[in-house]
Structure formats: structure tokens, C-alpha cells
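These are the structures, in C-alpha cells.
Shared between the two complexes below is subunit A, which has subunit B as its partner in the first and subunit C in the second.
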Partner chain A sequence: MARKPQLATREKRLNALGAYLGEVAPLIAELESGDAFQRIRTFAQTGPDDITQALSILGAVHGTGIVVHGARGCAAVLPRTARGAWAVTNLDQRDTILGSDKALSQAIRSLFHRHRPWAIFVVATPVVAINNDDIRSAAEEAAEELKIPVVVVRSDGFRSRIAATGFDAAAQALLPLVSPSSAGRRSDRINLLAVDHGPGLDHIQTLLSELRLEVQLLPAEGLHQAATASLTVSLQPDETDALGLGLEHQHGVPFLRLPPPIGIAATHRFLAAVARATGREVPGDTAPTLETLTGQRVALAFPPAAAFAAADLVEELGGIVAGVSVEHVDSSHVTALKDFATKRPGLPLHVASGQPFEQVNRLARLTPDLFIGPADLALVAARLGIPAVTVRPDDLLGLRGAAHLARQTSKVLAKPTLAARLAKAPSAYRPAWFKRSPDWHIKIEVK
Partner chain B sequence: MSESTGKHIAVYGKGGIGKSTTTSNISAALAESGYRVIQIGCDPKSDSTTILRGGEDLPTVLDSLREHSKLSISDVSAVGFGGVLCVEAGGPVPGVGCAGRGINAAVDLLHELNLFEEFKPDFVLYDVLGDVVCGGFAVPIRDGIAEAAFVVTSSDFMAIFAANNLFKAINKYAPSGGARLGGIIANSIQAPYAKSLIDDFADRTGTGVIGYVPRSLTVAQSELYGRTVIEAAPQSEQAEIYRGLARHIAGNHDTGIPKPLNPPELKTWAKEWGDRVFGVEAGIVSAREGI
Partner chain C sequence: MAIPLLRSRTGCALHGALYTAAAIPGVVPVIHSTTGCGFQALQLVGGDAAASSNLSEKQIVFGGTSRLREQLKNTIQLVEGELHVVLSGCAAEMIGDDSQAMVKEVRDQGETVIDVGAAGFHGSAHHGYGLFLNAIIARHSVLAPRPEGGIPGLINILGLVPRQDAFWLADLEELSRMIAGIGLHPNALFGPDGGVQGLRDLARAQLTLVVSPWGVGPARELERQFGIPWLETDGLPVGADASAALLLRLDEVIGADLPALETFLAAETRREAYGLDLAAEAFFRQGPQPDFAVVAGSLHAPGLTRFLTGTLGWRAHAMIVTDNPPPESRTRLTAEFPEIRFSEDAGEIEDILRDSDAEIILGSDFERLAAAELGLPFVEVSFPTRRLGLAGGHGGFRGGLTLVEEIGRARSWP
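Our next item is the complex of A and B:
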């Protein structure tokens, strides 16, 4: 048996940090040194893990099945995100003592016979990691019997503090499903990496098609023939860069690492870079002027690559960036951080995945005119009386995304009544918490 | 043998049976023959490599990990007799945690530190805690860490029982690519029937004995000096026995998949031997002919 594949955590692979509040310049220095000081939260309100993130990627792959090998709660995210068939082995006390390989084998076979997926992912969970269950043997036996790939996903829910490690675990599981290209690469075909499938993605696909490029959407479709593309680009680098890098290393498909096409200028830069890389004429950069945030101070919260790009978009719309919160930060963001620091000297960066208690404290101090981010944090802002726009990164993609955000922000800013009414409700947090600094519970790990 | 990471061998056996002594002497004999050797103690007691290091302290991987977030190879290794690189995986504080998982994590960390690529060993010996009591202790033979396993046993029933358990684990994992059995090392041979009993167990399980190590005062004396026999008594007969084991391991030895006895078979087999041994004060007991 080949040595069990190792999965480097984001901390080890990219020096990632999941907790930070402060100046960007020293953060850049830490990341560039290759030895960032790990921070810990002495209290955390939310704790997304690698399994959830791995499932968000794997659930997007058409025609495949997922078996979550663990307690039933480990699959809780799947009803919302999975497009294909999935099962959970529902491990119980007896399984944890006597071993659970039979339960896994049964679940794989049952899923296969009911739904006929072309591949099955077996997602490991903390139970399996603690018990040291041998899921590789069960997967290999099932693959041999069912004649389809059955791939183990090396997630365990606790090895990394950075949930994005789960994206890398998913990429490690997806790469063996890519067939080598015997016919070489097609110059008119590119791989487009994206996890969220929404109108923004459709829009970008259309823009790329206008460059006379055939777009293979990964990981959802076309995984088999990903090696036939001449280029890979990503709309969500934080989620998919491991897949792009893997395609480059294992199959020689160049991975063009670009900031996501969020904002008018960024969209043009994205399309121009793809056009140049594929030998096409660079498209023109005309676009409507959309200044709906003139003079408005805006706070943002997104995954890092999307957040840095969205900050530029806010400024394109005439707004002023008052604060940015990202889910994590790592050495792949150094260029974006330098750009951020140059454009907004002195503006601190907040690193937190969720953590409403920190966000509420920080937003109460920032007092922005508008918050833009995910629904859970938009609610936090609204309850402080801050008008809030709920958008996903997909909503911001391309020229359509700029227009969408302009429209949404105009609507929200024109009707601030909802936030004002919500602010009258009693706060869930004690006044004493607001007297402390937002990073009260962020400490440098001393070892 | 892979040029970059060497041949990885796991040595199993019931606790206290002389597994660490045997492994350390094999490591010393291999090193004496000019091979580059790493010995990794996979036992929470952390005493696998003691006699290779003159009894000096060595921080375990897990203890070091507890104290420091970033480790280097030099933090968790020491060079012992003959240049053998000694590593102790260590374990949790007694009574808490999971030792099997700890060993797994420690071995993973050694891979992450590129220990094998940097040291370029010819042989890596894993000295694994006694009985295969759970999935954790089966990891070296299961996850592609070791390519072959040897079991150290005496003629005591519980040592045989532990060996049979290891055979069950190998039998389960070897068909899907796990480690295969290299053979039995018969240790602490003293009773007149011991050799025959172990031979018979090997016959019944479709395995073979690669060497017989007699109980010896030389071993006890060497250990008291914190040395292997190879170092403390290199001219002794005992040292030559360990060299023989090392030569076997270094050679292109056969490996196989054992056929472990099921519980009633093992019980019946033990009872038969109990009947044979009963009342015997001296003499050799043949596996076939009985007393």
C-alpha cells in the first residue's frame, strides 16, 4: 500500500492565520518571513471546520456521491449544499468501539446501487481520525468491486485551525479523478475554477465565451478532461487554488493566479490576462460609471481574495472603505495585502471566520454607513442600526456584480428604517463587552 | 529498497518480551555493517532506543510537540551507537489521551520534517508497542509506513497470543497492500520445549522463525551498562545471533501473509502444549512427537 498521502494544513502550507486585528504592514512582514506568529482565540463564537469546507467543494461535483463517515451531525451542511447523492454512516457508540469498516462498506455500496454515481468521496471525520479506522482499505475494496473511483478525503475536523484546509483536502481527492490528456491541450479550452454557482459565474462564463474560449467549469463539470485545457483560472482562489496548483503540477496545465474579477477594473484585468495567456485579442474596457456610494463609509466581510477585490469595488462606486474583515489570511495574499496597505494606509485588517461577538464590537466602533457581507454578519450589523447588504462573492463577479452591488446598496441606503428598528431591540451582548477591545480574546500563541 | 527513504521494518511483540532490546541490537548490527539506520520507538514508554544512546535522555516527538509549535529533526533525535539515528515517538501523559493516535501523529510529523529524505537511511526500524490492541497500533503496518513486520515472541502463552493478534492484523491489511510478515523472532529461549513450541506455532500459522535468541546474562549485563550487546560484548555468541538477524533483515527475505489461529484453535493448541509440558522437568519436546 502506498504511503498514506499527507495533507499539509494551511498553517504549514501557506503560513495561514485565522485570528488578527491590526496594521497590515507588520502582517505582511510576518507572512513574508515564513514564520507568522500563530494567534489563538481564547473565546470563539463560531468554529467552521475543514469538513464543512471540503463538503462545499465536493458537493458541487455533478454526478458523484459523498459518504460522510462519521456521526450524523458531520453531514449537517450537505442538505444545503450538495447537488448529488450523499449518505452518512451515522456512527454510534458501538461503531466507535468495534470499528466501523462494515458500516462504511455498506454505505458506499448502498449509495452506489441507488444513485449510480461515477465516483464516490469518502469523507473522514473526527470519529474516524480518533479511532484510526482504516477507511482506505474499505474504499479500495469498494472501488475494485464497483468499478468506480472511491476516494478518501483526508479531513478530520481538528488538525487545522484554518477551515480552508478542507478545500485542500477536497482538491487532493479530486485530482486523482482527472484523466491524463493523451491528445495534448486545446488552446481554445480553459478550466474555470469556482465553487459557488450563481448569476455571477454565468456572467463570467459569458464574458469568457466572448473571447472564443470553451470554458470547463471545475469542479462541477468536466473534471475528467481538465488536463486537456490550455489554462486554469479561478474565480475563488481561496477555495480552489490547491486544485489549480495540482492541475499544474500533475498535468502541466498552467494555473494563472489572478485576483477575482470583482469590480470593473478587476474584471477587465482578469479578462485581459486570460486573453493574453490564451493568445486572444484583449477586450476593450468600457464600462458604465456607477457611483452610488459617494462619501459612504463601508465595512466589508468576505473570504480574503473576495474581500480585497470588493474593497476596490466599493471605492469604484465612490465609497470609502472603513473596515475589512477576512476569514483567514495567508502568504498567497501578500500581493493583495501590499496593494491594500498602499491604497489604504493605516487601515487595520480584521481576520475572523464568523465570530459575531468580535464583529459587533468592531462595527460598533467603526460606525460605518453600510455593511456588505454574508447574511449572518449582515444581521449583526443591522442589529447595530447599520444598513446592511447581504451578498455572496458570486453576486459581485464581473460588470454585472458591480451593477448588482450598486443597485442593492442604493436600495438599502434609501430605506434605513429596518436597521433603525432592529437597533431598538436589546443587544445580545453586555455593555462591558463593548468597553473591551474587539481583539480582547486574540492572543499570540506562546510556545 | 528505495534509495531515498530506505527499507521500513516494524517490530512488534508483547510488552516486556525483549522487543526493544532485540530491535536495538539489530539496529546496532546493521549500523556496524555500514548501513545508515533510523530506529523509531513507537511506545509511550519511550525507552526503545535507550541502549543505543548509553541511557541518555532524549525528548520524545510528542513531548517536544507539546512544548514547541515548530520542531526540527535535531530537536527530537539523537545519534546513537554506530550512527543509528534514534527517535522516540512518545505518548500522552499516562492515563489520558490516545497512545496509538499519538504514534500516528509522531510518524506523520517525521514525514513532514522530511526525516527520511534528509537522513537517507538504508533501514528504518519501528519498535512498536506490544499487543495490537486497536487501530492506532496497527498504523505502521496499515498505512504504508512499514513494508514488512517481524514479531518477537517467547514461548509464554500471552506472548504467543499477542503474536497471533498481530497476525490477524497483517492478515486483514496485507491483501490490500499493508505490510507483510517477515517472520518470527523467538526470544528468551530457555525452557527445553520453548523452541519446539514456537516452531509449532509458526507451522500452524503458516509462518517461519527467522532466529532464536537464547535468554542470556550478556544481554542483561549489557543493558545494565546502557549498551547493546553489539557494543558491550561484540565478540559474544549473543552478538553473533543478533548479527544473524540483521543479515536476514538486510537480505532479500521472504514475506508472507500469516494464517492466524481463531480463538478456539488457539485455546486447543495451548491446551495440547500444556498437556505436553506438564510434569516435564527437562528434555526437549518435539513439535511432532510430543514428550
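Our next item is the complex of A and C:
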């Protein structure tokens, strides 16, 4: 039997790290050396994994279906996130001993007959990975019978400590669905990679259409004809760069890797780069004045590419970046890290996916005037009495994003009542924890 | 073999055990599994990230018990709490980690720690609730000594699964209010009035009240090990008739002849009657009484159906119970509700609704779309739900009027 196709983890592919607190310069040196020291945590909290990240991408592809092959809890993110059809094989103890290919076949067929998806993704989970169940045969058999692609997603929940590996697993599953372009590439058509669909994405699509470009939104809509575009750009590089690179390698569509258009200057740079790459006239820049964060010390937590760009945006609004936390770092961030270190010498970088225990310790020391990040960490900040605002990366995109952030932050700074109220509750952590450094539990892994 | 589900509406057993542990102030759950297990649980219902061993490939291959020891030791040092609970997930159980031995090692050092085998493949979140409580009841050193006959009037309330059952907190608080209203003492375990002391007191109660089949297992264990009698209702009472009947039964079983009973029942019944009278004109204006379909778990579906049929006089055209209750519960429910169907599969549920001729649908957020497609009014009564459930549950005396209010809002106004 042919060997299963392997997926390189983010650690292997890009030298990724998921735990770090410290100076940026040595981090850059490690990433550039090609052999970063892997860190582990001796205390850890739950966080996303490759399965949840793969599901976040696959759930955004219109008209397809997902079968999560595992216990029912492995699909628990889907009721909130998936737009399309999905099922779970709902494995029980007997299946973990005797195998589960029948349940998988049944789930695929049942999903197909009810929803008629044009492709089905089978997402592997720890139970089937540990058992080494043969899911490929069931998928191939179903594909042949149903006459649609049934693609196995190489996730497992434990092989990589970097959840972003799941984005790559999703990309690996999506690429076979792209049809080769027999008619060549169209110079007025570009692929725009984005997972979150919100007003920020709509805004960027409008700006790109003003360049007289037809935008194919991937992976949501234009997957089939992605090879017909003359260029691929991404709004969420951490989530979609494997898809962009795959389109370049397999179909020859050039992938222009740019920092996301977050912040006024970055938006102009993004549009100018796309215009140049597609032979369009570079649009002029208009710079609205939005200095609502003047003198405010701001702590940020976002996926890495969004975080580095958001730090610049905070400074454009007159704020001072007091601390930045990113979900992981890898060698694709070296340029952004160098820029970060040049602009903010001495400012440490925190790398953690979730891990509120580290965040709470760090924020208690930083005492920023404002926290901007995801809802779970905004709550961590607010419980310390720090005014906090949750802004999704989509909400930061473009000139609209700058205005949106300015408005949201000025509101919470003017009225930080909820944080003050939440801060009255006792901490979930023992006082001794706050006397230790936030990276106390981050250790270099002994191989 | 597993029964695959289109759009499962519950988490797994690990999730249920986590929700249950995390809803008790002072209990610190420690997940022994892969990183995403607890994350998925919280994505479904919200909540703080839990301590977790986050098993990686190395531990999957070579065993994860030393990682668990490290995680447990550091959790005790770092997180405030009185009782640490190790919840082993699928990966830990499949690789054969001896969590029990590791927990015993820590317990021998004087720490209060228990372990719960809660692999997701053991079933739904509802099963996880029972796994957690049974593990507590089996660990007698955690429980307070039981005086002869128990503490008079102390009533355990079991069967509402925190976070997984819609409005669990509001419903639990209403049940507690009712029990306190007649002069008894509710042992709520969960929420702001709960805590580790409530867990310790489980064995000291005079009676256990079980409001769904998911509380039967722990209630049986409390009876077997401590001789605590238990009273089971098929679902949460909704409205004054069912709530009064429950309190009368409670009084009878306890044999207390409670002096506050009559006054409390009279006041609560008067309140509902007043509310129904106020609502009645609006109901008449909205047209004839509609035939309904209800889609909910075994905690909510029976009580909602009884209220709609028994108090409002409506007819049930479909009653779908979504949490796959055990056979003895099914038999009783089927005898009482001939129209009942049991299904966890969103596709099958949609089919039943389409064929039902119902004129109003009461269900979860999953049924919202079907109701919209069928052009029917919709009331959200079950999980998954967009509501936080802090207030406005449908259980108890007050739940009936809450439901009436929501039905009035959902139906169109001429």
C-alpha cells in the first residue's frame, strides 16, 4: 500500500515556536538559524489545536461538507462556526477497539444524501490517529460511489504543538479541489485569501475592485477556478499562506506575501503592491487623522501577522505599544519581527496561544491603559480592571479598520465601568503566582 | 457501532464532566488529554480555559503520566481551589495512562484530588455529568460524614447538566427557590450558591430530587452507599400545576408536613393565574391555539409539553427528545406521550418537523432555521441556544409565565 501523504508540522516547515517571552533579537537569530529551541510549558491550559484550526478554514468553504471522524466532542466548535453541512461519526468505546470505518462510510453517505455537498472533508482526530485507522480507503470508496471528492484532512490533535499546523492541513485538503486552468490566467482576476468574512473583508474587496480587479474570495467561493487568477494575496497570512504557496507551486499563480492591510500606511502599501503586481496605477493615499489613543499604553494579543500590523496601527492612532502577545511565531515572521525590533527596541514579545495564566501575570505587571484582543483574553484583562476591547482581525482591515478601532477604543476608555466591576472578584490564581515571572513555566524542551 | 450524527448538539463525556466540575466554585478541573479537547468544550458553551496536560506526540508514544504529575503539581501551586479533579480524555485512556495511580500519589501527600475517567467516547456531555458525580460519591474521603437519617430538610438537586442544558442556572435557582420556599434546604452544588461544601454534603442529604434521567445514576449511588432515598420526576416541572405537584410529593416523601407549604403554593399559584389572565387577551387576539412541536432534552421536553397541553390546552404535533435518554426513561415517557420521538440527528429532526403540521416550534438554535423556512413562529427553549440562561428559564412556578411571555412575543400580532 502506498504511504500516507505526510504533512509537515509548522515546527518542521517554518521552525515555529508556541511559547516564548523575551527580547525579539535572539528570537530572530533562532528563527534564522533554522533550528529554534522548542519550548514546552510545565503548566498549561487548553487551547486551539490543529483540528480546530482546520475546521475553521474548512467550515468557511461554501457548499462543502465536513465529517469529523471521532468522538462527538471533537466537532464541538462547529455549532458556532460552521456555515455549511457537517456530521460527526460519534465514536464510542467499541469503535476505539474494533475500528470505525463503517461509521465513517455511513456518516459520509448520510451527509451527502441530505445536503449534496460538492466535496466532503474527513477530519481525523486523536482517536483514529492513535488507532491508526484506515480512513483513506473509506474516503476513496465513498468518492468513487458518490462521484464527488472526499478528502482526508491530516489532523490528529497531538503531532504539532502549533495549532496553525491545522491551517496547513486544511490547505493540503483544499488544493486537490482546484482545477487546472486550461485557458491561462486572467490579468484582471486575483485570489484573495481570507477566512473571516466580515465588514473588513467587504471593505478590502471594494478597494481592490476600485483597481478594476475581479476578486475571487478563497477558500469560501472561488476554489474551483483559483488557477485562473494572475495573483494571490492574503488578508490572513498565518491562516492561509500554505494555500497561497500551494497555488503558486501547483498552478503557477504567483503568491504575493504581504503584511495584512491593517493600519493606514499598511493599507496603502498593500494596495500599492497589488496595483504594481497587476500592472495597475498605484492609488493615491489619503490619511485620516484619528489620534484617539494619544499617550495611552496599549497591550495587544492577536495572531502574529495581525498583531505586528495592529501594533503599527496603535501607534498611528497616537498610542504607545506596551506589550504584544502572539499565538505563535515562525520563520515567515522574521521580516515583521525585525521591523518590530527596530521600531520598539527592548520591547519583549510574548508567544502563547490562549494561556490566560501567563497573560494575567504579564498584564498585571504591564498595567496597560487598554487591552485589545480576543474575547477570552479581554476578559482576563478586564478582571484586572484594565479597560479591554475585543476587535476581530477582520474589524481592523483597511481604513475602515483604523476608524473602527479608534471609535471602539475611545468608547471603552471613556467608560471603563465593566472592567472596574469585574475586577472586584477574587483572582482564580494564587497570590504566589504573581510573584513569579510570567514565563516561569516555559522551559526549553529536552530532546 | 457508533451512530453518526448530522450536527450533534452536545459535547462529549469529557465536556460534560468539565462543565460539571467547573460550575462548582472551588473545584479545579485538570484535563488530561490533547490540547484541543477542553478548547472545543468551551467554544460550545463559553467559559475559562481549564488547566490541561496538553498531551503531545511524545507522550502519546511513551505515556503521559509524568506529564500529568507535573501538570497536577503545578496546578495545585498556581490555581486557587479546594478540590482538584483530573479528567482523563480519549487520548489518555487509549494510551493506557494510569491516572488513578498518579492521582493517588498526589493524594498521599495530603492533597484533595480525585480522578474521573471521562473519555469523550464514553458518550455525550450528559454522561460526563454522571461520571463526575459518581467519582465524587465513590471517594468517601471527600464527603462529609452522614448523621443518622441525614440533615433534616437537606435536598440534593440532580439532573441539570451545567452549561449543556439550556438555562441550567436559572432553572436550578428556581428549583432551589421553590424548595426553600416550603421550608426545606436545597443543596444546589452549582452556581453562586454552590461549592465544594455542597459536594461534601451530598451524602448528608435527607433526600435526592432527580429532575432528569442524567441524575439517576448518582442518586442510585447515594442510595446504595448511604441509604439516601430519591425522588424522580420525568423532567423539570413547568408552571404552577407541575411545580405544586412536585412540592406536594416532596412534602409527602419527606413526611415533614411543612407549615410553609400551603401559603407558598397559594401565593405562587395566584401569581401564575394573575399572569395568565393578563396574557389571555393577547393570546385570543393572536388567533386560535396553535398545534406545537417541541425539540428539547429529557430535562425540558416533558415539562414543556405538559404545560402547553395541560395549562394552555394546545396539542402536541411533534415531541422530539434529543439527548438519547436511557431505556427506562424512554419507556415511561413513551407511555405518557404517545407522539414522542427520540433523535439526536439534526437531519432526522428536521424531517419530523417538516412532516408535523405544527404551527409553532419550540426548540434550539438548530431549529430556528427550519422554523424560518416553514414560516412558523419559534421559541428558543433548548441547547444550543443564543441565550446565556442567567435568567428567564422555563422551569418551576415562574417558568410557565416566562414561556407564555416568549410565546406571545414569537407569534404575530394582528
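Operating definition for what follows: the second predicted complex is superposed on the first by the 444 of 447 C-alpha atoms of A that agree within 3 Å, B and C clash if a C-alpha of one lies under 4 Å from a C-alpha of the other, contacts with A are read in each partner's own complex, and residues count from 1 in each chain.
What we mean here is this: a contact is a pair of C-beta atoms (placed from the backbone, for glycine too) under 8 Å apart; a residue touches a chain by one contact, two chains touch by 3 or more.
As the structure is a computational prediction, the values presented were derived from the model and not from experiment.
After superposition onto subunit A, the partners subunit B and subunit C occupy separate space and fit alongside each other. When the two complexes are overlaid on their common chain A, residue A:R421 makes contact with neither subunit B nor subunit C. In the superposed model, subunit B and subunit C sit 90 degrees apart as seen from the Cα centre of subunit A, a figure rounded to the nearest 10. Touch criterion met: A:F43 reaches subunit C, while subunit B stays clear of it.
The larger set of touched subunit A residues comes from C, when the choice is between subunit B and subunit C.
Of the two partner chains, subunit B is the only one touched by A:E140; subunit C is not. When both complexes are overlaid on chain A, the residue A:T89 reaches subunit C alone and has no touch with subunit B.
By the touch criterion stated above, A:K12 is placed in contact with subunit B alone, subunit C being left untouched.
After overlaying the two complexes on the shared chain, residue contacts for A:C74 are found with subunit C alone; subunit B is out of touch.
Once chain A of one complex is fitted onto chain A of the other, the partner contacts of A:I130 extend to both subunit B and subunit C.
Taking every C-alpha of subunit B against every C-alpha of subunit C after the fit on chain A, the minimum distance is 6 Å. Shared contact residues on subunit A (touching subunit B in one structure, subunit C in the other): 130-131. Only residues 1-15, 31, 33-44, 48-57, 59-60, 70-71, 74-75, 77-80, 90-91, 94-95, 119-125, 347, 365-366, 384 of subunit C touch subunit A when the two sit together in their complex. The touching residues of subunit A, counted against subunit C in their complex, run 40-52, 67, 70-81, 85-96, 100, 102-104, 106-107, 110-111, 114, 126-127, 130-131, 157-159, 161, 163, 354-357, 376, 379, 426-430, 432-433, 441.
The touching residues of subunit A, counted against subunit B in their complex, run 1-4, 6, 8, 12, 35, 38, 99, 129-134, 136-137, 140-141, 445, 447. Per the touch definition, subunit B reaches subunit A in the complex via residues 67-70, 98, 100-101, 104, 108, 111-112, 134-136, 138-139, 142-145, 172-173, 176-178.
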